[in-house]
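Paired with subunit B in one complex and with subunit C in the other, subunit A is shared by the two complexes that follow.
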Partner chain A sequence: MATTEVERRRGQLAALSIAAVVIIVGVPLWWRTTETYRAWLPVSQIKELAKLQLQLSADVEVVFARGTVTPEQQKKVPLTQTQEEERAIDEDTALRYRYETRYRTATIMEEDALNQPSAAEADLSLHTLSESPCGSLVVYVIPESSSLLPEDVNVYIGQRRTALLRIGPQMRVGKTLEQLLAHLEPRIKQVLQVMSFSHNDITAALSDRVRFSPDNKESIADSMRAFKSSPGYEITFSLLNPDPKSHRLHWDIEGAVQTYIQPLLTKLSPVANFSIDSQTLYYTMLGVNPRFDTSRSAYTLNADSLAHVINPVEARLGSNAASSNPVLNFLLYVPDAQHSPLYIQGRKKQEVPSNAFHSPRWGGIMVYNVNGFYGSEPEFPVDINIDMAKVMGVFLAQLRLLLGVQSSTPPPGFLVARCGSTGLADWELDRLMWSRSVENVATATTTITSLAQLLDQIGNIVINDNIAQQVSSAVTSLQLAVAELEAGNLGFALQYSKEAILASEKAFFDPSLLHLLYFPDDQKFAIYIPLFLPMCVPILLSLLKIVSEARQRRREKQAKKD
Partner chain B sequence: KQNAAAQKQAEPAVLQPTPQPKDDFQEELVVRPLHSGDIYASFQFRTLWETDFMRGNKVSHYRLFPKSLGQVISKFSVRELHISFTQGYWRTMQWGQPYLPSPPGAELWVWFQDSVTDVDATWKELTNVLSGIFCASLNFIDSTNTVQPSASFKPLGIGNVTDHRFLRYATLPREIVCTENLTPWKKLLPCGSKAGLAVLLKSEKLFHSSFHSQAVHIRPVCQDWQCKTTSWELRQTLNVVFDLHNSGQGKREWSLFKMFSRTLTEACPLASSSKIYIDITDNPEQFELSPATSLLSQAMVLGDRRTFSVYDLTQQDTFGSVRSLNLLIRWKSTEGDMLRPLLHAERYVAGYGLQTGEIHTLMYNHHPYRSFPVLLLDSVPWYLRLYIHTLTVTSKGKDNKPSYIHYQPSKDRVRPHLLEMLVQLPPNSVTEVTVQFERALLKWTEYTPDPNHGFYVGSSVISSLVPSTVAMDTNSTRERPLFSSFFPCKEESSYFVRVYTEPLLVNLPTPDFSMPYNVICLTCTVVAVGYGSLYNLLTRSFQIEEPSPGLAKRIANVIRKMRGVPPL
Partner chain C sequence: MKTHVLFNLFATFLLADGLNIEDSAGQFFSSGHTNNWAVLVCTSRFWFNYRHVANTLSVYRSVKRLGIPDSHIVLMLADDMACNHRNPKPATVFSHKNMELNVYGDDVEVDYRGYEVTVENFLRVLTGRLPPSTPRSKRLLSDDRSNILIYLTGHGGNGFLKFQDSEEISNVELADAFEQMWQKRRYNELLFIIDTCQGASMYERFYSPNLMALASSQVGEDSLSHQPDLAIGVHLMDRYTFYLLEFLEDIHPASKANMNDLFKVCPKSQCVSTPGHRTDLFLRDPGSVLITDFFGSVRKVEITTEAIDLTDPIKEVEERPANGDVHKEMHSYVDQLPVSEIIHQNGKLCATSTNKMSLCCFHGDVSECEMQLPRGLGVEGPP
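Moving on, here comes the complex of A and B:
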């Protein structure tokens, strides 16, 4: 009897040890070998970024010229003054604007500069005196009697980062300093909104994160027109010659780009990289047949039909083989001899003076009529030299629009200096940089948060180290960008936000994320069941048996004790 | 010829004050009636551009040269690019040599500039971009089908960089060519398919043919005699062979309309020259051409002196009164013999079973008395493991030792075999190159879709300088004065030919693809059965059971019990 007991004991021990081996060695081994590799992601920091608290800080220097404040007031002028304004966009996004105003009186040299005969000259000489850093403004307050500005102009915005502000007539000497500052404050704010950022611009830039409320349609239209922020753009000029049999076209695009486009792009180089190329396409037709207008003996294209013009041309334009940046297309269309001249007609049947139109986030088209070159008895083909100044003027305006350099109408009483040879004033660049930084931050945060969400939801996705690294660097750059915005360092903010966007896109579109994405559970079970079922059932059964026997024995012991 | 071209360029410059463009476009169609009754049409479009893509020079303003290709050249620092897409196999023995040979499927070879540091990465990126431009599966080119030939592919343009580290060559023999490849190819032409010879390129006719090949060749060439400046040449070619029975309805009568279902009405206005050549050498009296042309041109083509009738599309009177040109070629008799091509090659796989096999390459030298060397290039994928010690080269039953062998063994899943050798072909002989191979087992994810179709092995490439037929002609005194004809003139004595063999289709051991699951089930069952019995043995307790008494004993015991006697 004892031997059977020993045997039973041995059997139980064997069952237990097999179960132990399975649990201690087998299960971890299976777990380790079938695990998908998931590198660590900074989830908590990403969650923090999902709640975006953006603070934009702008520095304004207000300089009082002689004759605006009395010497006693001068001593009482506060050194700095900070204003904050908080706006909640939606539950996850909040904006805070911080204007730091510094007050001082003009130096002697600045006084001299302000005594120049015209505002433009004053602007130039003020610029040579001191250059204000990117993102900051200098407002010179000049007395009402100053002859710098014309009668009906109160504010002059120069080509750089300076503005001249004339005190209103009600602020004659004798008012208190508080009254003066109170009078200036709303007007300085107005200047700021024109020269650095307005709430509308910023909300438009946040369009990636925030759904629009329908009340600001205007800025939606503006933001829809401009290209999305991108680290680089390809600009392609195409000359469309549908009729090479009649027209032999010559355009000096190389020279024109050098003279007209390149200065603007050099100025814009902090915002993005640009590359320019051009091509000539023959036998390209517009998608619509222009209608003959007998009253003008010319062909016309209606504004309604312009939408159909682009598609057939687009097929010929070709995409850029060498990069994946967005392409801005500018087409110069020379109508064929049979359909010439061709005019674009606005919605109200009026002629469009530039004979050009643009398509939001795509580019612009200009129709260039060449009837003037025919002479009295044209002999085809006619050699035509295209007047590039005329063409580039139109394209430059379109380029400014498409890049988001807004030329929104200034409030009444403002005079904006004509932009010089560069085609872009310093403050316009600042304005663009503000909205681009905010837009980049918004886009990068949405990309990163949605990536984190996706990875969280689908456990099958392998997260490689390089993705984790990209995500981390995107998060770091984002935090830096937000911090720099807060500190008012516009240049760095833009730089970091660009880095953030690059890293986040790279992580989001990494092909390695797709490898194991579609590995369905039923297949996994189909593979596991033939092995696991026959192995686990006996182990489980014997374990159950051992447990029940042990229980039985304990009950017997209990009974014996009793 | 170069002089004539230069003159042509100079003429308009005198007439017009506008700046002379630095690019030039020419188009050409050569029609060669073949002896089989088929017809061979070869289009060539050439864009020459006086510019410099070398050394990171930024070129961004395009006129006739297509922008997409220009960007590719400058971005990837390409020195030379040759790409071809071919549907069908060129039958050398029936049709003679093509003007531009190409292997079935897609072929791409590129010389990079020596400024490229990471050639492999650039090559990978370039193939991806080209695959986008030409709508082809060139993105399947990777290290497993790319080789660096050491001798077979030399640069065709100027420049004497011959370091083959900057060369990449790959073929995709399985690539199927169709309309979606033709459309982007036509888009690269300045006139598109709207004017000039390109109006003939209608895909429904072009792909209804025995052979179709389209190619793009880009190379730097000399601008002038002294080669002071370089130009870039883009040559787009399209070769097509129309079948006598399929497209010609069995009649030996061809016209442009019958071939392309279009006639010509104008030259491309951007082209400086636009010509049609009809090869009338073989039998000038055997077929008639209408409309007739008085323009004749002679040229040395593939070692042979050929005569062509020329139609110049830039002349208005070519089109006649109907303002449309529909060339008609009608055979009068079917006699006449084709000159046998001097070099010709075949290839096949021998052997049985799915374990080993043997690749046979046959190279024919049909020259009656001259032997010449050929360069054979073989690129075999890694899953055919070549036994290079079994390599034999025999001609006329005797061992023929190659004078140069370059062999790069394969690495599994990394690179293919590359075998290049220089073999002397004796006159009027067949040279056979055999090499045995073993078929590798692939991982189940490495099989292509439809693996039972077999795996393609790209064509062998045979490059050679072949003695020309003109030099072979013993009656050459007829055309030349006696004093000039004793020694063969070097230029005409041999010509370059590249011959592609058939691609091979090899069956690999192909598993049943539900196999992994079956294997899992089977092994699991076996493991479970073994494990179950082992488990039982280990955990059950065994005890000796008293054997039960036999039936007789039991009956006896019952009886003894009844009798009251103690049981047994």
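Moving on, here comes the complex of A and C:
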């Protein structure tokens, strides 16, 4: 009797201890070993960033030249005004534009500079006096009778960050300063729309967050034409010679790139890195047959067939296998002797002086006719030196368009100076930097928020430490970029926004974040049941047996008592 | 009153006509894409799945013919049929019996081949999460203005597609991958075509915008193969892709055929299974979507109206002067190990006592390391 009692006791103890081990040691061990490592992410800060409140500030300096303000008005100047404009895009994105305008009178040196015979020279000498920082503007108000600007032109926009504004005739008779300022305000605003950020550009830059449908075709075309913001671009210049038997072409591409293209790229270096290469392709035809036009006694390619030119050529172009940066291709096509000269016709059959066309987000092609370089009975092959200045002039214009330097038609009465030899005016660079910063900030915020959402939804993804670090640094850079934009420091804002984009892309596209771990519930059961059920069944049964025996004993004790 | 109405009608007609001309001029911008990509995947291996490789190659051929360059096509073939040792005609993959059409051609660029075609690599290509060492040709470098065509073929079932006979991708994973592509704006519009058994189940779970899907059969139906070739000994193509290829052979780059024509390809009488399609997530009306929007690559072009006046002459590229200041370190190789001396035990290098043999004496420092071998065991001198 005692032995069975001991046996039973032993059995009960064994069952209880096994159950204890399973519950106290086994379950936590299983939990820890099937846990995925998830580093901590700043989720609350990311949620804050989801609601983007951007403030763009620009500093405007309005300088009154002699003859625009009366002496008593002059006493009240210098003064500062701040204007703010709020625009809400959608429920998550809001923009605020802030213009800080400082009014002052011109110094003597500036007056001297404004006395130059033409506006371009005035612009140059004003520039030598002082250099405006990135993102700011200076508007010189000149009297109505000034001879700097031609008759019908009221505003001249220079190559740097200055503009010359001719005061209206109604300000001739003495008016108060407030009236003068009220008269100037809408006109200065017009200048700002051209030279600084405009609402259309900024909303176009936010297209990652807000799929907006703009009103006019021009802005759709603009948004589709330019490359998206990227840390680097590759530019490839290709010379296509389909007829080497007739033409032996020489182009000084190295010198041309160094002289004409490199200054622009150096100026654009805060925006992106560029790498340039060049190649010559032989026996590459256009793929479209040009038609002979008897009225011009030349071969023509009309605009509709241009679209089919690019594809056969692209297969031969090649690209740098090592980088994933977007590629801009610039092709110089010299037609073969049978099909020279070759002209491009516009959509309405009009002549195209540059003889070139470009494709959005791809590059440009220019047709260079060489039949004028040799007589009618030449000895083939003919040596031809290509005029790189003309070629690079066209390519530079195409490069500007493809990089997003919008040249929309200015309002009437505006005269915009032709950009200098670098190919880019300072205010155009500012505009590009504004829209790039906003675009980078918008893209980085969407990337980070969608990454956080993704990681939240899928509990099985492992979040390594490096990803968490990238996310934290992206969040910090974003906050800094937004702060710098508010303060109006454009250069720093762009730099921080670039860092933010790099970090967020690195985090989002990290190879370790692949979600292959889709476990439907029935598969989970199918895995765990064969493992745990055979073990748990005896334990459960023995526990139940212990419980039922204990209850029975208690009942017996109760019965004994009664 | 009547004249007023008539005048209004006339004015609107003129306006509409004017708009039409404007429209056709700017019509090329209506589709919203600037480049095209194609991801073509064949997921099955083994010789008897010849038809899946032929399917993929025929779509590849059509897509290339209509203009998409190799740099924009990611072609994944799970097995090599052209050079398979069971292929009676090596270096060919035929799609029509009697060897009428060789879809392998001589200009095929396969990006992922053989065992590289896995679910993981496929999802990595779609989502862009590739290791940094991946070359450009293996990446899908699309942006928010890219139209992507995705074609999958192989063996599938209700809610899954089999890869390489050992793993499968489920429709939930595919839908999640497309959602991640949408989050990162990696496509403008996406056309998804799948030719497997019960193919319609694969697009049931899509939830991202701008997706259009076609499948060769509904849930519960099998997609059947088209015709065997007795000389090669296997079925050459699947029915749906066979008729799709026939349809695409009639399309040329300037064609105006639209998606409604594509939906009519391979009716039940020809295909035995019922092809299905899904357009509710697509924003545009399928009737206005051209076939060449996805299968071809019609570039938009704009005439360059401006040119910049450059007047500076080209600077002579200066010869890099002989660098006197840059001190180049002269490197030289370390002396070779005096192996012969070690082997032949020349005592010249190291003076040791008679009983010891230093094997490390080429360091020059005899005390550094010494290996003592008792006499008689080590290598004696040359015989």
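Note that the second predicted complex is superposed on the first by the 495 of 562 C-alpha atoms of A that agree within 3 Å, B and C clash if a C-alpha of one lies under 4 Å from a C-alpha of the other, contacts with A are read in each partner's own complex, and residues count from 1 in each chain.
Convention: contacts are C-beta pairs under 8 Å (C-beta built on N, C-alpha and C of every residue); 3 or more make two chains touch, one makes a residue touch a chain.
Here the structure is a predicted model, which means the values were calculated and not measured.
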Subunit B versus subunit C as contact partner of A:Thr447, first or second or both or neither: second
Residues of subunit A touched, compared between subunit B and subunit C (which is higher): C
Touched partner set for A:Pro378, first subunit B, second subunit C, both or neither: neither
First, second, both or neither for A:Tyr260, with subunit B first and subunit C second: second
Which of subunit B and subunit C A:Asn320 touches, first, second, both or neither: both
Subunit B versus subunit C as contact partner of A:Arg8, first or second or both or neither: first
Touched partner set for A:Ile310, first subunit B, second subunit C, both or neither: second
Which superposed partner A:Gly232 touches (first subunit B, second subunit C, both, neither): neither
Which of subunit B and subunit C A:Arg418 touches, first, second, both or neither: second
Set intersection of subunit A contacts, subunit C complex versus subunit B complex: 254, 319-322
Contact set on subunit C toward subunit A in their complex: 25-26, 28-29, 32, 34-35, 67-71, 119-120, 123-124, 127-131, 135-137, 139, 141, 143-145, 170, 172-173, 176, 180, 183-185, 253-254, 297-317
Residue numbers on subunit A that touch subunit C, as the complex places them: 207-208, 217, 220-221, 224-225, 228, 252, 254-256, 258-260, 303, 306-308, 310-311, 314-315, 319-324, 326, 344, 346-347, 352-354, 356-362, 364, 366, 388-390, 392-394, 396-398, 400-401, 407, 418-419, 421, 423, 446-447, 450, 454, 508-511, 513-516, 518
Complex contact set, residues of subunit A against subunit B: 3-4, 7-8, 10-12, 14-15, 18, 236, 244-245, 248, 250, 253-254, 275-280, 282-283, 316, 318-322, 381, 383, 385, 526-527, 530-531, 533-535, 538-539, 542
Complex interface listing, subunit B residues touching subunit A: 16, 18-19, 60-64, 66-69, 71-72, 74-75, 129, 132-133, 187, 190-192, 194-195, 266, 269-270, 517, 520-521, 524-525, 527-529, 531-532, 535-536, 538-543
